[in-house]
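Beneath this line is the structure, given in structure tokens, with notes to follow.
In order of appearance the chains are A, B, C, D, E and F, and numbering begins at 1 in each one.
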């Protein structure tokens, strides 16, 4: 969190500092501010406030009222800051930019998680994240009740359609990977049809990614797998479709929407005067 | 663009590299891929493809079919890549993550710009941007036909309500700023009511930010200002409200929504096999 | 200030540390030192002492006797340091290198400011600064009573003779810029003759840079402008010429000499034994 | 040189780029410019032009007319640049800031070197350099005909008065250092009087720094040393005093003035239209 | 590889450059050199030569005679360099430092791999690597015919004795981990006795680490596991003991010795004069 | 030390953190651990423990029982840590990796130092160090009773056989260097035969490196030099040969083995439960 907040502060403060605040607000004036929800959602990233205001004023005091993962309603106070007035005004936008974005992701995730709650499926994120923010966004997904897929290209294997198009066969692709990677690395393979599923199940994979299948196809795939490997559904997972997909009995549903298109949660800063 | 793409690639490739691709795809295999629109929108950030694939394969050739700012329809080819197959598969997600996000911002901006087209108002962005991506996001706004507000806290003055709450008077606040900043720096001041507007107009400011006013209040404010300073409207600017706001005759309309909540534009990579 | 001091310390201490001090001075020995003026001038950059000795000894105590902007005479104590003897001897050169340079700039600026005091002109700096030190040097100019021009190429527009040589006309150059930059950015244009001044005044610029004009030409230009835009004089501004230039009635006088050629102010470190 | 130029360019171009040039000058326009001397002096740092314009335009061609160390007269062309017009205008200030400063140091050094030319003394620099630029400034001293003292605190030992004040005796100080440092490290010791010189000569030092001595004292010291160790004179070395000091027969004369207070050499950029 | 070589070069060249070579060797002199084996072993890291000499001379040509993973005998030429003589002499030590170390690891690994060749066990490395060089050292293990364990603490779970000492039970520890990590992460657990093995097998782990067991204990453990999970032996694995351990039938043998204590392979640079 | 430990921690913790520890160990659990010797040797680098655990838990308390340079026997406690249990388990490997490696170097150095104890020779290290760790490894050599040769290519001159092959004569090589470097830089020259020694002694060098000579040749060389310059022996210096070499009366013996091939000292972490 700290390098990201530091980057954002440098980006905002630039070379010349906060021209407005430095000219108008006395250096020794202290103040109390509240970050307040303006909409309903789930909070993530309150640590950003501690880091932002702590960098600008080592004597800042932050009191957390809503922890990451908590639900908020409009008017709920998320946290309270007591610090130098200059620090509060200069850091306001940076802290809010981080918390609003992460809370947006947590809120979108929670929406999906609530919708699939009757079923066994877990909601997982993808690698469709913002450059530089992946760690935080994957954390926000967990705050919303979701689970994480692999972090990047190097901690697990996912053989996708384009890989298979370049391999001689499913069997040879899986074997090539198995020889290259260590014994602690799992292998997942994308399948688009039930025929491909058969091919995949003939190899020692740990999971299958059932991409862009209808709920009926998913149901058939889950029956065919019968618990031998992990099943994951993907492809345009939105609030409208997610319960249908979950009803197929898959273990996991992965969604890019929760990270790449979640609207920011509306939070504001109210100052006590 | 390069440091951002580099960060994203490192984040994705990690320490171990692309386990899947390196095991399956031969190092000397070359390939052709197309980044293709799946939805209607405006393109921004095609340079990300050049940087991503160029970093992974210095011999990559990128042919741009749609320049930044161009409109796309589903199936339109945005650009074509000829490079090592490994580079294409390893860099796909990084390049798309950047272009989809920036094109989402350009598309959202264009939506507002088209809606206010009958009026004189320009659409401008705010500082509600993603940590580390402000330069690119402000550029994407321009690709969508919008204009930029100040880059950060140090290149222009914007006196907001919280500043005024901590100053003795509007007049003293403006004077304090005028003394501190160089002669090339402009001053804008936020006003929430017509009374505050009167106070502001009595000082040497360059622009007024009319925050959260109704179209009627805006109309009255514009009449009162009568061209003496720049007028800017802000506050929950959405596609539904923006034309009403523009009809008041303000010079500028600023929107946080176009940067903090624009959904990603759906683009994909099709490989020629 | 901190990254600059850190760079300077690393540059000086290198890989092996302060061979002399580490061998001779016991680690637990504490000491008191005074930074003392050896010449008359204006102080800038005392923060460098706090940063330097604080990095080398977290328990260092710095007592500021002369604030940035204060005048000093020979023998005046600028500040007093109580810290580990090793920290004092190792950091001495780094702290002095920064303070002497910045105080040199403040002193040179104050010389010009005092000379133009009978007139309305403010003294402003240019972009002729030391690589990596621009923020500090522009701050030192303010300590000497000067004001700042734009920080860099990106926060204001200055159309110079070479730009005009490449444009079709003054009018088209100004229009091109006005369309490209946001509403908070000011535009200044360089004019070398009264004819060019006429052309410039026909466009919506905010300021004119009257370059290398004689006091008589400047006087005519100021009369012609008559307060409609800001007037700035530049070109070999030295202590000898500055009052003449100021007497023309220009608003601003910009000088590269105060940053690129100001001699360091002579300060030394006296140790209490 | 490259990291320093890169830092300077980033400092100047900021987040938004060169607003003026980008708006007015077409991207595909190419141009020829000459860096030209406006005063007499010695050139140092022409490499800065190659790096600056090469970073902004990989196709830039630089033709060096005056190498580092060459003397120039007013109107002499130092080097010629053929590159994109945008690159030339955007990089002009950065390249000149570096070359003017380094040439100023080379010119000041050459002034001293010429003045001591009748004597055996070499002119050497000190650690009184600009933060971050020490390597380049020490190089500029060599361009001016000077020689370098130690680079920093870690590559040679210089026992100064403050070290001795904290040691029990000259003998113990030298012995402590000799035990700590490797066999390839030389030891120099500062002496302010002829008595101290006697003490120093009783120890295995490699050089003595004769600080703030009159020419007469220096002459006596040189006679006493009689070639057994290197002799170096220091203390307010200016063009006025340097020949007197050199006449004493010392091996070296060290000057802080050539790095901390040398005025920039006046160079400009002329564009072919 | 590039950041590591760059760091090493900066560490070696320092601020002042290669004093010896720059003074003695003409800048335009070119030369041919050979990196030659002085002992028997396995090569790893030849890329270091390409990076080192390429950074010092963009026109350097490297011809690889022995690829990573190849065996060498004394006098074998590993690779040949044609480049500027200065680049060769300045970069020699940096390139050799990297290649000798990585080849030492590959050679030590190959020694173990050859010894266990009659058995099914693979040789794997641990996290006992050099700070900053883990990626390269794990690669060198693969060059020697070994396989990699997890890269770090974040890409797989290994529950060790100290974790169990802090957990309430094996079952609860495994369950806590399973809930926290994504579905693509494997879990391994350390067991020191056959009783602990029983406990571990009652939980859904993917692998067991049999630590410091005798060959007899290992044989019993392998029989008990009977292929249900992966078995790994560890604890003072040296060339003397490794075949005995492998004869137990374990799947993997992990060794810290191959990374933390492998002696460098002796390679030298011969110059053609 | 801090940047190296920080790099190692980031390398080990990666993006996702310590999955095992974070899932199993409660955040508020505190613990006591001891770093304990498992073999006989000399300790170096205990500071690594302070930095590692201090970065992970600012409230960690480290009690040093064995200082750098102290000898240890199996079971000796080197230091005791009281900190958060998570910090201890997460940082264990990083701290041990540094201390075991540096202690290995100190132990190997001490072995040589003890063997040459009857003679006048000092043991010195070379530039055959690990990329990025040179400062620490040279420090570890001093902990083992050794001394340091030059840090890098820029702080002293060592003219080797390849330099001479490219120079016209020994005399011209030494003269070229003498003119280029400052007066505080020493010059050493490699000689392989007694004839070359004669040539070297005819020039103003400070030291001679007697490379790959037999003890008899060394004895003759020492006699010939007769104290006029420093004598250093090098070439395959191992515990078996070092006393023979030292008996020749050389001043210094340099060994690459103590840094590039010293086995890690076996240390472990015992936790109090």
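Just a few scattered comments:
We adopt the following convention: a residue touches a chain if its C-beta (ideal position, glycine included) is under 8 Å from a C-beta of that chain, and two chains touch if they have at least 3 such contacts.
What you see is a predicted model, and the numbers here were worked out from it, not measured in a lab.
Chains making contact with chain A as well as with chain E: B, C, D, F. At the interface between chain B and chain C, two copies of one sequence, more than half of the residue numbers in use appear on both sides, so the contact is built from largely the same positions. Overlaying chain B onto chain E using CA atoms gives a rotation of 120 degrees, to the nearest 5. As a whole-number value, the distance joining the C-alpha centres of chain E and chain F reads 22 Å.
With centres set at the average Cα position, the gap from chain C to chain F is 46 Å. Centre-to-centre separation between chain D and chain F, using Cα means, comes to 34 Å.
Shown for chain D are the residues in touch with two or more other chains, namely 11, 14-16, 134, 151-152, 154-156, 181, 185. The touch graph of these protein chains is complete, with an edge between every pair of chains.
Residues 122, 124, 147-151, 154-156, 181-186, 188, 206-207, 230, 232, 251-252 of chain C touch chain B in their complex. Interface of chain E with chain F (complex): residues 4-5, 7-8, 11-25, 29, 31, 85, 89-90, 92-94, 96-98, 100-101, 104, 127-134, 151-160, 162-163, 165-167, 173, 176-177, 179-181, 185, 260-261, 263-264, 269, 271, 273.
Residue ranges on chain E touching chain C, taken from their complex, read 11, 14-15.
Residues of chain A that touch chain F in their complex: 134-135, 151-152, 155.
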